[in-house]
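Two complexes follow with subunit A in common, the first pairing it with subunit B and the second with subunit C.
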Partner chain A sequence: MIFLFIIVPLVLAALMPLLGKISKRFLPDLLANATMLFLLVFSVISAKPLIANGGVIQQAFWFGAPINIRLLLDGFSLFMLFTISLVSFAVTLYSIDYMEQYGAKANYYALLLLMIAGMNGLVLTSDLFNIYLFLEVAAVASYALVAFGQGHDELEASFKYLMLSAVASAFILLSIAIIFGLTGGLGFGAVASGLKTLNIKYVVGFCSGLFLMGFGLKTALVPFHTWLPDAHPSAPAPISAMLSGVLIKVSGVYAMMRIFLNVFGLTPALTTVLTVLGMASIFVGALAALGQKDIKRMLAYSSISQVGYVILGLGIGTPLGIIGGLFHLFNHALFKSLLFLNAGAVEQSTGTRSLDQMGGLAKRMPLTAATSAIGSLSIAGVPPLNGFWSKLLIIIALVQAKMHVLAFLAVLGSVITLWYYLVLQHNAFFGKLNDTWKSVKEAPFWMSAATVMLALLCIIIGLVFPMIIHSWLQPAADVLSSGVAVTLNFIGF
Partner chain B sequence: MNPQNLSIPILVPFLLALISFLLPSRIKWLRETVAVLGAAIIVYIAITFFGQKETFYTLPWLGHGIDFELRLYQFSQFILLALSGFVFLITLYSTVKMAGHSRVREYYGYIFLTAALAAGATLANNFVPLIFFWEGLLITLYALINLGGKNAHRTAVKSFIIGGFCDFCMILGIAILWSQTGTLRMSDISVLPQGLLAVSFFLMMIGAIGKAGAMPFHTWIPDAAIDAPVSVMALIPGALEKLLGIYLLVRITLDFYKLEINSPFCITLMIIGAATIVLAVFMALIQKDLKKLLSYHAVSQVGYMILGIGTAVPIGIIGGIFHMINNAIYKSGLFLAAGSVEHQTGTTELKKLGGLYRAMPFTALGFLICAAAISGIWPLNGFVSKEMIFHGSYETGYTIFTIAAWLGAILTFASFLKAGHAVFFGPRNPETPQVRENKSPIYVPILILAAICVVFGIYNWIPLKFFLEPILSGHLPAGETLNFSSHALALFNPIAMISMGCLLLGLGLHIYGFKRGGNKAYLVSEPIHHLPVLNTLYNWAEARVFDLYEQGIKFLQALSSFLFKFVDRPIDFFYERIVVSVGRACTGILKAAHNGYYANYLAWTIGGLVLIVWAIGALLR
Partner chain C sequence: MHLFLMIGLVAFSIMAVLSRDLLRSAINLAVASIFLAIIFFRMNAVYAGVFEVSVVAGLITVLFITAIALTRGDQEVVENKRHLLIFPLFFLILVIIDILVMKNLLGKIPAMVSSETGTFGEVLWKQRTFDLIGQIGVIFAGVLAVLALFRQGEKNHHGGKE
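The block that comes next holds the complex of A and B.
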C-alpha cells in the first residue's frame, strides 16, 4: 500500500517522455495532475486511518522473497507526504498554463514526478542509506529542473547548486559510513539501539556535525545557504515553488530532524547549535531579502529566513516548539509556493522580475495582487492568517523554554519580514500603474486557480488552525517528541 | 405577560428602522405613511405594556453573569410609554418638517433605531445590554446631528466625544460595581456607597447626568441647536436623553445605592443641580437665537431634576421625576414651535422675528402654554413639579439650593418673556412678510404637548398616581403612603408665595429691560448682559472659555503638537534614519558577501562545518 506513494510517480515519470511523443500537452497535463490529486487524496483517505495506532512498517517483496527495503509510515512522514502532495497539486495545476512557454512539457513532468518520487521515498524510508539514495534521486531531478530554461543564468545556478550539493552529499555519505562502521546497521532501529550501547558521544557529535552541514546545505541554513538564492529564482516558477515550498524541507528539515530526534536523540548541544543556526538564518535571510530588486530572489532569501523559524522551533525540542516548527513548515510550504507562483504570473505577464520596473499591477492583475497580499501578510505573521499562529507558537515555545532573547529576536525577524514584504507589495502591485504595463493581462485560468486555492488555504487554516493542529500536526509532533524511544521498537528491522 | 414579549418594544422599532433604510426614496408618501403608522404601532405596544405586572426575561448569552436580561416594571413601563409618545409626535411633525430633506430616508431609519435602542436601555436588566443600548444611542445621535447643516459634523463629533467620555465613566463605574458585588443583574444590586463603591457611584452618576445634559457635559447642546435638525433637538436632547439620563440617575440613587439624606453624595448632586440651573439660565437669558435659548433651558431644567433627586426626600425625588416628564413635554413642544417658526420664516433669530401670533395662531398658542409651563406659572405642570422640588430642597435644610432654584425661576420667566415677546408680539418684522400657519402635522404635535402641560398641571393627580407614586412605592417604610396631589396646586404657603414673587420679579426685569432697550424685545436682557462682572464672564463664555470640550481640544492640540515635535519626530528619525540605515548597511554587507563565486561559497560551507563540529565538541564537554 505505502509503496504506491513512490511507485506511482516513479512509473509515471518513466512513461511521461513516451507519452509526450503521442500527445504534447493534453495527456501529460492530465496524467500529472491526476497523479498529484491521487497522491493527495490517497494520503488523506487511505493512509491517515492506517496510522491511527502509531507507525506502520511495510516490507518490500521481490518475487515472494523479502528484500532489504522497508517503508515506515508514521505521523511525521504522513504529515510530510500530505504537504508534498498539496503543494505538488497546486504546482501541476499551475504548470498547465505556465509551462506552455517552455515546451517539452512531458520531460518537465517526468522530472517533476521523479523529484516527487524521490521526496516521497525519502520521507517513507526507514534506514539511513535509503535516505541518502532518495535524497540523490530528488536532488538530481531538481538540478535538471533548475536548468530547465537552459539560459546562461539557469545553467550557472544549476551547476553551482550541483557542485555544492555534491559536497553535502559526500559528507552525508561519510557520516552514514562512520555510523555503519560503529553500529553495524543502517536501519533507524538498529542504529539507535547500537548507539545506545556504545559510549561514543564525541563521534556521534562529529557525525551530527557532518549531518548538520549536509542536510543544512539542503535546507539552506546559514552559512550553507549560498546556492539557494541562485538556484531557486532560476528555475521555472512552479519549480521554484516546489523547491522552496517542499524540497528544502523534505531533503533538509525532515531528514535532519528524523535522524537527530528519532535516531541520535536531541542533546542540549544540538539544541544550542540548531537554535543559533536558525536565528542566523532568520536574520541573514531577512536582511539580504530586504536589499533585493529581483522579486524571485527576494522570495528565495525569504525562504532561508523562514526555514530558520522552522529549525528554531524544531530545535527547541519541546512538544510545543515541535508543533510550532512543523506548523510553520506546512504554512511556509503554502504561502511560499503561493508567492513564487504569483511571481511567476507577474513575470509571465510583464516579462520582468525587477521590482523597480513594476508598480501598480494590482489594477491589471487583481487576483494575483490579492492572493499575493494574502501570502505576504501571512508570511509576515499578520493575524488571523496561518503564518501568525505558527510564529506565535514558536515564540511561545521559546518563552516557555526560557529563551527570552531568542523570542525577542524571533519577533524582530518577523518585523523585518513584514518590512520587505511591504516593499514587495508596494513596488509590484500598489501605487501608480507604470505606463509600460497598460496592456498587461491577468494570469490564465489554471494559474489563478492554483494561487487562489493556496490563498484560500492560508486564510482557512488561519481560521481553523486548532483543527489542523489536532488532526495533522499532533501525530507528527508526537513521533518527534517521543524521541529515540519510538525508533527502538523497530530494532527487528 | 409572556416574558418573551419583552423584546417586542426593541424589535419592532428595529424592524421599522430596517424598512425605513430600505424603502425606495421615489415613492414619497409611502415612507411617511410607514413612519407614522410604525410610530403609532410603537405607541400601541407601549400602551399594552403599561400597567402589566413585573416581568423578567432572560436570554443566556455570554455566561459569567453577562446575559441578555430585560425587566418590565412600573418605572420602565412609564419611561417606555413616554418614549414612544415622543417618537410618535416627532415622526408626525417630521412628515412635513423633514419632507424636503435630502437624506430623509436615513433620518427615519435613525429615528426608529433610536427608539429601539432607547427601549432597550429602558428595559435592560443587565449592565452589559444596558451599555450596548446606551452606546448605540450615541451613534444614532451622531448620525442624526450629522443630517443637519454644514457645521453639523463638527458638532456631531463633539456630542459623540462628550457622550463617549460620560459613557466611559459609566462603564468604569459599572466595572467597579461588578467587581465589588459580583453581579451584573441590575435588579439584584443594592449597596451602600463606601470605599470603591463610592467611586463607582460618582462614575455612574457622571454617565447618567452626562446623558441628561447637566453641566459641564452640556456644551454640545447649544451647538447642536444651531446645526442639527430641530426635530432631532426636540426628540433627543429635548426628551429622550432627559428621560433616559434621569431614569438611570433615579435607578442609581434609589436602587443601586442606598443614599442617606444630606450625605456627601446627595450634597454633590444638589450642587451640580443648583449650579446647572443658575449657570445655564444665565446663558439662556442673553441668547438672541430662539433655538439656542431653548437649548440652554434644556440644560438648565436638568438642574431642577438633579436637584430634586439629590434631595433624597420623597417629595423631592418625585418632583424631580415629575419635572423630567414635564420638561420633556414642554421642551419638546417649545423646540417644535421654534421649528414651526423656522419652517415659515427660515430663521430663529429673535431680531428678525416679531408679531407672528396673528399669522401663526396655533404655534403661538402652543408656544405660550409651554413657555408658561416651563416658567412655572400656576396651574400648569411646571408649577407643580417645581414646587415639589422647592419643597424637597427646603426640607433638606440647605436653603441655599432652594434660593438657587428660585433664582433660576426668575431668569427662566424673564427669558421666556423675552422670547415670546420677540417672536410672537410686537411689530411684524418686514423681512418676513409671507408667513402663515403651517400644516396640521406641524402644529398638532405642539398643541397636543401643550394640552398635556395643562392636563398634568390641573389634574396632576393623574401622573402622580399612575406614573410616579408606584415608582417610589417599593422604597418607603412599611405603612407609609404617598399623597402629593392634595397640596400640589396650593398657592397659600410660604414657598409657593415666594415662587410667585419670583415670577413677578422676572416680569419686572422684563419691563425694565424693555424700556431700557428702546422697546425692542430681543434686547431686554442687555441690562443684565452688561452688568460689570457678568459682562466679562459672558464674554468668556461666548469665547468658550468654560467649554471643557473646547478647552480640552485646545489642550490636546497643544499636547499633540508637543508630542509630534519632541517625541514623534525623534522616534520617526530613529526609524527613518537609524533603523533604515542599519538595515541598509547589513543588507549591503550581505550583498557584498554573496558575490556568486563558487570557491567563496564552498569556503563558507567548509568553514561552517568546521565551526559546527568544533561547537558541538565544545558543548559536549
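The block that comes next holds the complex of A and C.
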C-alpha cells in the first residue's frame, strides 16, 4: 500500500503531457493538487497507524504475485514523507496562479510529480543502490525545473547545478561500489551486518568521506555549497521552495543520516566532522546572506545557514540533538518555502528581485508582507514561533553534550539570521512606498492561500510543538538514535 | 596490459576534456570508452563491456556528432586560458592522493564477497526489480526535461540552442 507514495505521482507524471493536450490548465492544476492532497492525507491517516509498533516492510504485488520490491516505512521515513507532501501541496496550490506566466503547465507538473516520486522512492527504500537511483530521478527532474524559465541565467544555473550534482553522484556511486565489493550486499541490513563482521574502520572511513562529499554537495553544506545560490534563485518560485524546502533535505540530509546513523553507525570522528561542517555552514551562509541585494539569493544563502543547524543537531547524535535537528528540518521546510513563495509573489508583482528597488510594499501587498514577517521571525528564532523551539532544542542539546562554544556560536548565528531578515523585511515591505509600485496589487488568490496556510502552520506548530514532537518527531528520532542496532535487529531490512 | 589500457583511458579522457574542438572531443571520448570497454571485458564484466561499446562508444558518439553537425559555429568565444594550467595541476594532485590512499587502502580491503548471483536477466528482473522503477523514472525525467526545455524552440532561440 505504501507503494502508492511512489506509483501515484509516477503514473500521474506520465499522464500529464497527454492531459495537457486535452486541457492546458484546468486538468493539470486539478490533478496535481488532488495528488498532493491525497499523499498528504494518506501519510497522516493510512500510513501513520502502520508504524504504531515500529517500522514495517511491505512487499509489492504485481497482479497478485509478489515481486521483489520491498519498501521500508519507519518513523524517520514517514516523517520525511509527511514533510515532502505538506510542502508539495502548498507548492502545487501556489503554482495554479504563479505558473500561468511560464506556459507548458502540464510539463511543469509532470516534472514536479516526478521529482516528488523520486524523493518518496528515496525515502522508502532500504537499499543503497536504490537511494542513488531515486536521487537521480529527483535530480534530473530538478535540473529541468531550475531551467524551466529558459532564460540565460536559468540555463547557466541549471548547468552549474547539473555539473556539481554529477560530481556528487560520482562520489556516492563510488562509495556504494566499494561497499558492495566489501559486503556483497546493498540492502541496509546486509551492509550493516557485513561491515560489523569485517572490522575495517579505515575503509569505512574512506567511504564515509565519499558519502560526506557526495551528500554534502547535495545538501549544499559548506564548502560544497557554491551551486545553491545560483540554482535556487533562478528556478521559478515554487521550485525554489521545493528545492530549498525539501529536496536538499531528502537527497542530502535524509540519505546521509540514514546511512551514517543506521548503517555505518555514528563515530566520534564523524560527529566532529558533522558539527564542524554544520557550524561552518551556519556562519558562511548567514554572513553571505547579509550582503545580498537579491531577495531570492538572500533566501538561498539563508538555506545553507539553516541546513547547518539541522546538520549540527543531527551530528551531535544525542536523542535531544536528533529531535532538535529533525524539528528544525521540518520547520525550515515550512518557513523557507513560505519565504520563497512570498519572494515569488513580490517578483511577479514588481518584476524585480532587487531589495534596493523595493520598499513600502506592505501597503500594497498586506497579506504577502504579513506572511513574510511571520516566516522571517520564525526562521530567526523569535518565540513563540516554531523556529524558536527547534533552535532552542539544538542549543540545549549542545549544552548537554558539553559543547558550550558551539552552543554560543549557534546563538550568535541566530542573531545574524534575525539581522538579515530584518534587513529583508525593512527593505522590501516597510518604509515609504516607492512611487514605481503605486499600482502594484496583492498576489492572486491561490498564491495567497498557499502562503497563508504555511504561515498559519508556523504559528500553530509553535504553539502546539509538544504534540508535534510526540506524534511525529519522537518515532523518527527513535529510529535514528537506535543507530545500527535498529537495522541489525529488524528482519528484512 | 591493464596499465597500458588505463593510461589510454585516462589520456583520451583528458584529451576529450581539453580539446576545444567539439568534434575532436567527441571522438576522443569514444576512443576512451572503447578502452574502458576492453577493461570491462578483461575483468569478466561482459555485459558492462557490451553496453559500453554499443551505447557509449557507438550510439552516444553518433548523437554527439549529429548534434554538433546541426549547430553553427558562427561566433568566436573568447575563453579563459586558466583551465590549461589548473586542470593538469589538479590532476597531478589527484593522482598523487590516489596513489597514496589506494595503496594503503587496497591492502586493507578483504577478499571481495559475492552474494547476489544469477544470470544477468535474473539479477535485473528478479533481484533488482525496484531499480527498474527508478530507471524508468530517470529515463522519463530525461524525456520530460527535453520536452519542457525545448518548448517553443522556434520562438525562443536562446533556449533551444543551449
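Just so it is clear, the second predicted complex is superposed on the first by the 481 of 493 C-alpha atoms of A that agree within 3 Å, B and C clash if a C-alpha of one lies under 4 Å from a C-alpha of the other, contacts with A are read in each partner's own complex, and residues count from 1 in each chain.
In the analysis below, a contact is a pair of C-beta atoms (placed from the backbone, for glycine too) under 8 Å apart; a residue touches a chain by one contact, two chains touch by 3 or more.
Computed from a predicted model, the values in this text were never measured in an experiment.
Q: In the superposed model on subunit A, is it clash or fit for subunit B and subunit C?
A: They fit side by side.
Q: May I ask you to decide whether A:Asn342 touches subunit B, subunit C, both, or neither, giving the answer as first, second, both or neither?
A: Neither subunit B nor subunit C is touched by A:Asn342.
Q: What is the contact status of A:Leu114 with respect to subunit B (first) and subunit C (second): first, second, both, or neither?
A: Touch status of A:Leu114: second partner only.
Q: Using the touch criterion from the header, give the chain among subunit B and subunit C with more contacted residues in subunit A.
A: Of subunit B and subunit C, more residues of subunit A lie in contact with C.
Q: For A:Met163, is the partner it touches subunit B (first), subunit C (second), both, or none of the two (neither)?
A: first
Q: Which partner does A:Tyr202 reach: the first (subunit B), the second (subunit C), both, or neither?
A: It touches subunit B and subunit C both.
Q: Between subunit B (first) and subunit C (second), which, if any, makes contact with A:Ala269: first, second, both or neither?
A: first
Q: Angle at subunit A, subunit B to subunit C, CA centres, as a multiple of 10°?
A: 160
Q: Once chain A of both complexes is superposed, is A:Ser85 in touch with subunit B (first), subunit C (second), both, or neither?
A: Neither partner.
Q: On the overlay, how many Å separate the closest CA atoms of subunit B and subunit C?
A: Closest C-alpha pair between subunit B and subunit C: 8 Å.
Q: List the residues of subunit A that touch subunit B in one complex and subunit C in the other.
A: The answer is residues 202, 206 of subunit A.
Q: Within their complex, state which residues of subunit B touch subunit A.
A: Touching subunit A: residues 583-584, 586-588, 590-591, 594, 596, 598, 600-602, 604-609, 612-613, 615-617, 619-620 of subunit B.
Q: Can you check the complex and tell me which residues of subunit A touch subunit B?
A: 160, 163-164, 167-168, 171, 201-202, 205-206, 208-210, 212-213, 216-217, 223-224, 226-227, 229-230, 267-270, 272-273, 277, 284, 287-288, 290-291, 416, 419
Q: Quick check on the complex: what are the subunit C residues that touch subunit A?
A: Residue list for subunit C touching subunit A: 101, 104-105, 108-110, 112-116, 126-131, 133-138, 140-142, 144-145, 147-149, 151-152, 156, 158-159, 162.
Q: Can you list the subunit A residues touching subunit C in their complex?
A: That would be residues 6, 10, 13-14, 17, 67-70, 103-104, 107-108, 110-111, 114-115, 117-118, 121, 125, 127, 129-130, 133-134, 136-137, 140-141, 143-145, 147-148, 150-152, 155, 159, 178, 181-186, 190, 194, 198, 200, 202-203, 206 of subunit A.
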